[in-house]
Every structure is written in structure tokens, then in C-alpha cells.
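Have a look at this one before I ask anything.
The first chain written gets the first letter, and so on, giving A, B and C; residue counts start at 1 in each chain.
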Amino acid sequence: MSGPITALTMPKWGLVMSEGKIVSWKKRQGESFAAGEEILEIETTKITNVMEMPQAGHLRRILAAEGATLPVGALLAVIAPENASDTEIDAFVAGFAAPEAAAESASVAAPAPQMVEVGGRRLSYLELGEGEGTPLLFLHGFGADLNSWMFVQPALAVARRTIALDLPGHGGSAKELGKGDAAEMAEAALGALEALGVAHVHLAGHSLGGGVAAFLACRRPEKVKSLSLLASAGLGPEINAAFTEGFIRASRRREAQEALSLLVHDPALLSRRMVEDVLRYKRLDGVERALEQVAEAWFGGGRQRLDLRDEIAALNLPVQVIWGREDRIIPLAHAEALQGKLPVHILEGAGHLPHMERAEATAGLLEAFASV
Amino acid sequence: MQLSRDTLLKAYRQMSTIRHFEERVQEEFAKGGIPGFVHLYAGEEASAVGTCLHLSAEDHIASTHRGHGHSIAKGCDVERMMLEIFGKKEGLCAGKGGSMHIADLGQGMLGANGIVGGAPPLAVGAALAAKTLGNGSVAVAFTGDGGSSQGTTFEALNLAVVLQLPAIFIFENNEDGESTGWRYAVGSGDIAARVRGFGLPSVKIDGDDFFAVYEAAGEAVARARRGEGPSAIEVETVRFFGHHSGDPQRYRSREDVLKLREERDCIKKFRLRVTAAGLLERAELDAIDRENAALIERAVARARAAPPPEDAALLTDVYLAY
Amino acid sequence: MALKSIRQAINEALFQEMRRDPRVVVIGEDVAGGAATAGERDCAGGVFGTTKGLIAEFGEGRVIDTPITESAIMGAAAGAAVAGLRPVAELMFCDFLGVCFDQIFNQAAKFRYMFGGKAKTPLVIRTTIGAGRGSAAQHSQSLYHIFTSIPGLKCVVPSNAYDAKGLLISAIRDDDPVVFCEHKLMYDLQTEVPDEPYRIPFGEASVVREGDDVTIVALSRMVHYSLEAALALAREGIECEIIDPRTTSPLDEETILESLERTGRLLVVDEATPRCGLAVDIAALAADKAFAALKAPPKRVTAPFTPVPFAPSLEKLYIPSPERIAAAVREVVGYRR
């Protein structure tokens, strides 16, 4: 026998994941795989993700059937050299530490969002990690919330304090808005940083949150160490109004599903839970009005009002742009137009949500930027 | 009114049986083993007994959710009542009804009732049967102060008057309906007077006084038997326990609850009166109490040990084709 | 987000709606309690504690204790609704429907249609359902199918605290009469519930669990029993999809039919009696609109066609159990033509 027998277990992607569903195996029992190869599709509460193998190996035995929902830590398959005997594999499976223990550790209370009061407004945020590095602030997109960073925040939190903020009108933050424009949001974000004692920060913003991050960086560059813009607003006039309008109107699952499917490159990846989470937010009193205000302030008349292209190009700090090749909300052209001026990363197999559809790749790009 | 020694002994025995029964059910309920919830009648014994002493098995009564006392006074078997309350196969209703649905049609007991205001129309029906059959029997509806405001009660009162039926309506005003005071719920502030408006004789009497109940009920029953139509009696009484076993009773003051047994005990008052008047000896009353204690002890022991209904009983006693 | 019980969720919804709209009033027996007694006012707060605390904030004018007088409660609430209030009337146990049905189904339910569309009847009737407390034949029924069968009434049967709050707020803001059925054994069941008010639309089922082998449609407590069964079945390799319609009228047919297109197998679980109930209704829906997709006859697990028995052993048999549900699923999945 050459090499150890190892367990392939249900991964824990993000903080709140307690179980996952096996969507499909991309390798069959008995097949080998190379390092970085996709082996398995797992559906989480948000979205379906692929599991990539860190190193090459041999898929000796599959234990989790397609369609099965299993807790984090449950044994999915056995990786072992081809020459390991079936008896050895059997013994390994029989001796595998009971998933009860794993399930228990998975159910250890996930860190919960907290509240901070800024200028009389309650803002909700999730703080993770500590360390020497400059803190990182995540700003989500239109209609989303801090949970949209669930697949990348834990990775970034290994080396530094990270804060994912719910923008005004969003998530657990107060729903009452002034204009709901970039200035108001940036001020709220800045206020939150001050209240949390953060003097300098790396910014990562997605979509509308990218616009907020860019606005903040342009107005208060002395506070900002770097700026990562994911499928960001503020880089050109076009935006898919079918999404923003559909999203605001949606009150039922079907309507929400339709709007949300525009976000991802493959609508089959959207979990029912993600749709339900969006509906849960949208049902709250005051949300519809808040979204209408924000949409009017940012995308009134179906065009983006905020254009920071020139200001960003003139910024004296590191800026990178990350985009999904198949973005159907803000055109890829906005990113392409910046190529040559700024580092631009275009991710294959991603739509408007690179941080969810290609979480590992996105986390890598953010880490590279935040650790300089 | 002069009662025979036998009647007095019988009255005491029944009131004492009810009291022992209810005190024990309260204890057993707290221990566990009695399913659901029970509404206890302790404190109101004079009402059931003073009324039912005028009735025979041919007469009917319809009762309330607080029905143990009425059932005992109407002649239901105490052991089988206990079995029923414990949900056992040999219970009066085969374990299918429980405390709130004790019934024994052979004794003219049309059932305790889970629906407030359920009884008066049923008693009117029994009175209609009596009148139509001409058998000289009567029917009594027991209702609480709470139930006195139910629409079904008003309709039953009116119908009994319209049809001039041999019906007697006993309103046991024990002051509270669940947690609501009768002075709030009875708008006119006087149940007996309100009933009189329907066109039937209606009196208000002190329910702590067995003799007052006995006398008023006697007149009402006699009137009904003579074919002179329905009557009503408001019995002012109290319940010693909460609405149901386990009720924290925060609608009453603690002092009031403590005083009830001192000041409002119809059985104590009965004892004092009959012994003071030299009608009965204290020793013979004590002997009755001991017999009742033993009776209830047997009933509880038997009920606890008895088997539950067989599973097949789930599907019997209903016309059924599915 | 805070965990809240169904009791708390309902209480919170009432507080928030009464603050938001002065026309919302609560009326029923012992909704506060202690009226004209020597003890505490609000000692009951409803016999299940769902209306606790309201009277302290909103006063006797808006938290109205009544005599035991269901017909008048329901009728007065219906009359007040057409005359400008938005009453939330409490029917302590749904079994008491017997003494007030006319005011609900001949009056409140009919106004809008019978008056040529002119009337609005923003009335909510909150009531309790369910066996399992040894409360016997007159305090244990699940009568939502009766409400469901009446044109003009809407009927809500929530299975968790999140749904309870959102659906109750929707019910209070609805301009039609809505009957809201709370299971007596589920009041302490907790889920995450937002502090803010929110609405869940009627006629939108919730897919509680996804699976491709069989569609289970269940309501109220039966949702949880079905989940229990589904967990056991998953170990056998049978994946159940569980749909909780949440509102029986309007009924989300689409979600059920979509699921049936995928699974081809239907089990309806209902704590109510078998005739003319939701189980029959949904089985008929499948036969009518998903016939081609069906791989097995639709199956029902319901209470038997009897009143609710008192003895605990019988009552336990009466209520559909996870074991019975699992057995029925195996039967449906194992069906061969």
C-alpha cells in the first residue's frame, strides 16, 4: 500500500452551514483525480458549489448517494491508493469517527451579527477574525446582506479582523433611509468603522456595495488601504433594470426565483433556501420602500447615476476589479474597459456573484490584495 | 322544612362523597396519571345534592364541565367515575369521554359537557320527552354564572317557557367563569332577575345552605311535576379550587381563597346545623366520612391498576366505513 | 435573530399591528382576564397566553374581555369589521365553532359577495386546533377543513413561529375574514423570528424539505411528524419532499403540482378526520391536474373517522404518527401497477 487512506467529508462552507446535499458526483467510484479537479457538487443553504480536490488521488469508495442531505463532517467517500484492499477500506469506514461528533462541532453556535448605532441608525454587522493585518470591510450589493460574504469572509478572517456590514435598508440594519444614495451609505459605513475603532481598512465591495466602497475610497482615501471591486456599480451607466425591478416587485417564490436567477451563471445553482432568505428579507415592513428608494437613487431610469471611473483611476491606492464572465446584471464591458489601467480578474463560470459562484478563487484574490 | 333522618344522612353522605372525590382527584391529578384537565366541584356540593335528592333515575339532568358533583348526586357509580377520569376501559364511558364527558343514561345523567351552554337545550329536550310521554318526570339543567350568558341558555329558557316544559334551570353562581368575574360578565348584575324576564319563576338562594337549596329545588321540581312549567334557581356558591386543577388563580386574592374553606363550606355548615339541632350525631357523620374515604381509596387504587381500553375501541361506537 | 415560540410570535404580531393601526382590536373570552375579580387584571392573557400584556398597553377599549358568548363575539367582530374596525376575535377552541357558526359562515363570510362586492370584512378569527392533551371529544378537533370549504373565508394553519407571525400580520391587514388556526401543542415550538413586522402572502406553500421520491403535503403539527418520518426514510434511501401549504384557503396548488411532476407520488397527512377534508381535497387535486405524472395512487394518512377519544392510548392511536407516515410512504414508493 502506498499513501494513506483518507476520508472525504462534508465540508463546512461558511459559518452557518450545518449540512449539505450531494447534488452530483463528477467522478465515479474507482476514478482518479488530479489536484484542483472538481469532484463533487454540494448544495448548501445558499448556492450549489463544487468541491475541488487539493491534491491528486483515487476515489476508492463513494458512500454518499446523490440527493442525500448530510451533516457537516459526515463521511462522503474514501480516498485511498488503488492497491489498498477492500478489507482495509471496510475497516476504515467502520472505524470512521461518528459524524455525531462532527455534527456537534458544526452546531457550535456560529458567530452572530451584532448591532452598532451610527448617527441614530442601527447597523448590523458580522465581525470575524483578529490579527495583525489591517481590517477588511465587506460591502454587499443591492438587496443582499452580510451573509453574501459567507463563503469568503472566514478565509479572509484567518489573518485579520473582518467586518461584513449590512448597508442601510438592508439585512438586519434599520430600514429607514434618507436618499439611499452612495453618500448616505458611505457615511454609514464610515460611521460604523469609527464606532468599531477601525482607522484604516481594506475595502471589498460587491455591485452596489462596490459603488459604496469606491465612493468611500474616493472621498476618504487616507482611510483606505486597498479597494477590491466585485461586479461593481459606479463603473459605467448600464445595468439590467429587469433585475432591479423584478427584485423589488417579487413577493412570491416564483417571482423571486426568476429575478435571482439573473444573478448566477447557472440558475440551477440557486438553492430554494437562498430564494427563501431573500423573500424573508423582502417581506419585512419597510423593505420594499427602502429598495425603491435605493433603486431610484442608484439606478433611476434604468441607468446608473454614479460614475466614479475617472476618480478611481486617479486613486493613489491599490485597486482591483473582479468580474464574472457571465454577469447579466452589470456588463462585463465595464471591467474590460478598465483593463490596462487596473488589475482586472475575469472569472469563468461566474455570473454576477463571483464571491459565491467562485468563492475560493475570489477569496484568493482578496487575500492577495489584503495581505500587502 | 322538616327532612327525615334518612334524607339528612343521604344528603350528608352524598356531599361528603363528592368532597372526598374531588379532594382526592386534585391530589391524584398533581401526582400524574389523570389525563387532560379536571374541573373540580368542591365547595358547591349543596347545589347538586340539594337538587338531585328530589330526583329519581327517571328524571334527567344535564351538566357542565364541572360535572363530578352532579354525576355523584345523580347516582353515578363512583368507582366507575374514577375509572373514567383515569381513562380506563371499565370507566363509565369506556375511557372514551373522561372527566368532562361523564354520563350515565341509566341514571338519567345526560352528561357532563365540554361546551359552556351545552346543557340547557339538552335538558329542555329531556323535559319535552317527559311531557310528550307523560311520564311525570322532569329535567334539570345545571349551568354556571358564565354559562348563564350563553345564547344557547337564553334560547333554552325561552323555549321551555313557550312549551311550558317540566324543566328546572339551576345557575350555579360561583363568582368566576375561568378568570372573569360574574359581575363583569352578567350585565344586569343579577342572574335570577334576568332569567325572570323570560317568564318563569326564578329565585336566588344561598348555596352554602343545603336546606335553602333543597327547599327551592323541591318547589321547582314539584311545580314541574304538576305540569306548571319551568323554573330557575340561582345558587350563590363558591368553588374551592381553581377553574381547573393547576389553575394559578391569580384572578382571586390569596386571602379570599384561604377564607373560602373557613367561611363558605356548605358541608361544614350542614354539620353544624344538624348536630346543633340534635338531628344527627357527629360520630355518625364521621363514620360516613371514613366510609367515603375508604370508598375513594378503593376507587383510586382500582382506577390506577385498571387496564386502558383496548386499541380496537378506537373504532367502535361510531358508524364507520373507512 | 432571536428564537421565539409560536406563542411569542403571535403575541408580538398582535402588539405590532395594534401599535400600527388603532382600528385593530382584540376581543374574546379571558383575552385579558381578571375583569371584576379581586385578583390581577390580565392574569390570563388568553387561556394560552397569546394576548398577554396587550391590555396594559392598549387598554380595555381595545382588548375586550367578553362574557361566554361566542355567537355575539363572532357577530360583533364581523359587524365591527364592516363598520370600520379590524377585530381579531378569539374562539378559544375551534370546537366552539358549534355555538357561533352562523355569524362566521352566513354573515362574515358572505358579506363581500352577497353585497355585490361593496363590503370589506377585515376580521381575523384566531382559534386553536389539535388533539394530544387528553382534552377529549369537544376540545381536540382540527376543524380547518370546515372553514376551508366555505367561500368567503380564508384559512391559515401555520406550523412554526416564523410563519405564524408573518401570516397573522397578513391576516390582520387582509380585507377578508380570515380564520387563523393555532395548534395547542405547538405554542412553545421555537424558530428564528425577526423582530420587525413582516408579511407572508397567502396561497404560497413552504417547501419544508426537498426530495425526489415522494411529495408529502402536511399541515400544522403534521409537518413536524412528516419531517421525523422523512429523516427515518432518508436512511432507507427514500427522499421525501415536504410541502406545508400554510394556508388551506387559498391553497397553493402550483407548488404541490410542480412537486408531483417531479416525484409522481403523493401522500397527504392530516390530523383532521378523513371525509371531506384537506387530504381528500389535495388527493383530488392530484388526480385532476397531475394524473399523468402519478406513479402510484395518492395516499392519505389522517385521523380515523371518529371523535377524538379521551384515553391517552387511544388518543395516541388517533393522531397520525411518524411511524404511520413512514409506512404509508413506503407503500406509495413500493407501489407497482
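By definition in this document, contacts are C-beta pairs under 8 Å (C-beta built on N, C-alpha and C of every residue); 3 or more make two chains touch, one makes a residue touch a chain.
Model, not experiment: these values are computed from the prediction.
K.L.:
Does the chain-touch network form a line, ring, star, complete graph or other?
P.N.:
Chain contacts: open path, no cycle.
K.L.:
Please list the single chain whose C-alpha centre lies closest to the global protein C-alpha centre.
P.N.:
C
K.L.:
What are the two chains with the most C-beta pairs touching?
P.N.:
B-C
K.L.:
Taking each chain's centre as its mean C-alpha position, how far apart are chain A and chain C in Å?
P.N.:
The mean C-alpha positions of chain A and chain C differ by 37 Å.
K.L.:
Please tell me the distance, in whole Å, between the geometric centres of chain A and chain B computed from their C-alpha atoms.
P.N.:
So the centre of chain A lies 69 Å away from the centre of chain B.
K.L.:
What residues of chain A sit close enough to touch chain C in their complex?
P.N.:
Going by the criterion above, the answer is residues 21, 65, 67-69, 172, 175, 251-254, 272, 276, 280, 283-286.
K.L.:
Would you pull the chain C residues touching chain A in the complex into a rising list?
P.N.:
Residues in contact with chain A: 1, 162, 166, 194, 196-201, 204, 206-207, 210-212, 234, 237, 239, 254-255.
K.L.:
Give every residue of chain B touching chain C within the complex, in rising order.
P.N.:
The contact residues of chain B facing chain C are 35-37, 87-89, 93, 95-98, 100-101, 113-117, 146-147, 149-152, 175-187, 248-253, 256, 308-309, 311, 313-315, 317-318, 320-322.
K.L.:
Note which residues of chain C are touching chain B in the complex, please.
P.N.:
Within the complex, chain C contacts chain B at residues 29-30, 33-40, 43-44, 47, 65-72, 95-96, 98-99, 133-139, 274-275, 304-307, 309-315, 317-318.
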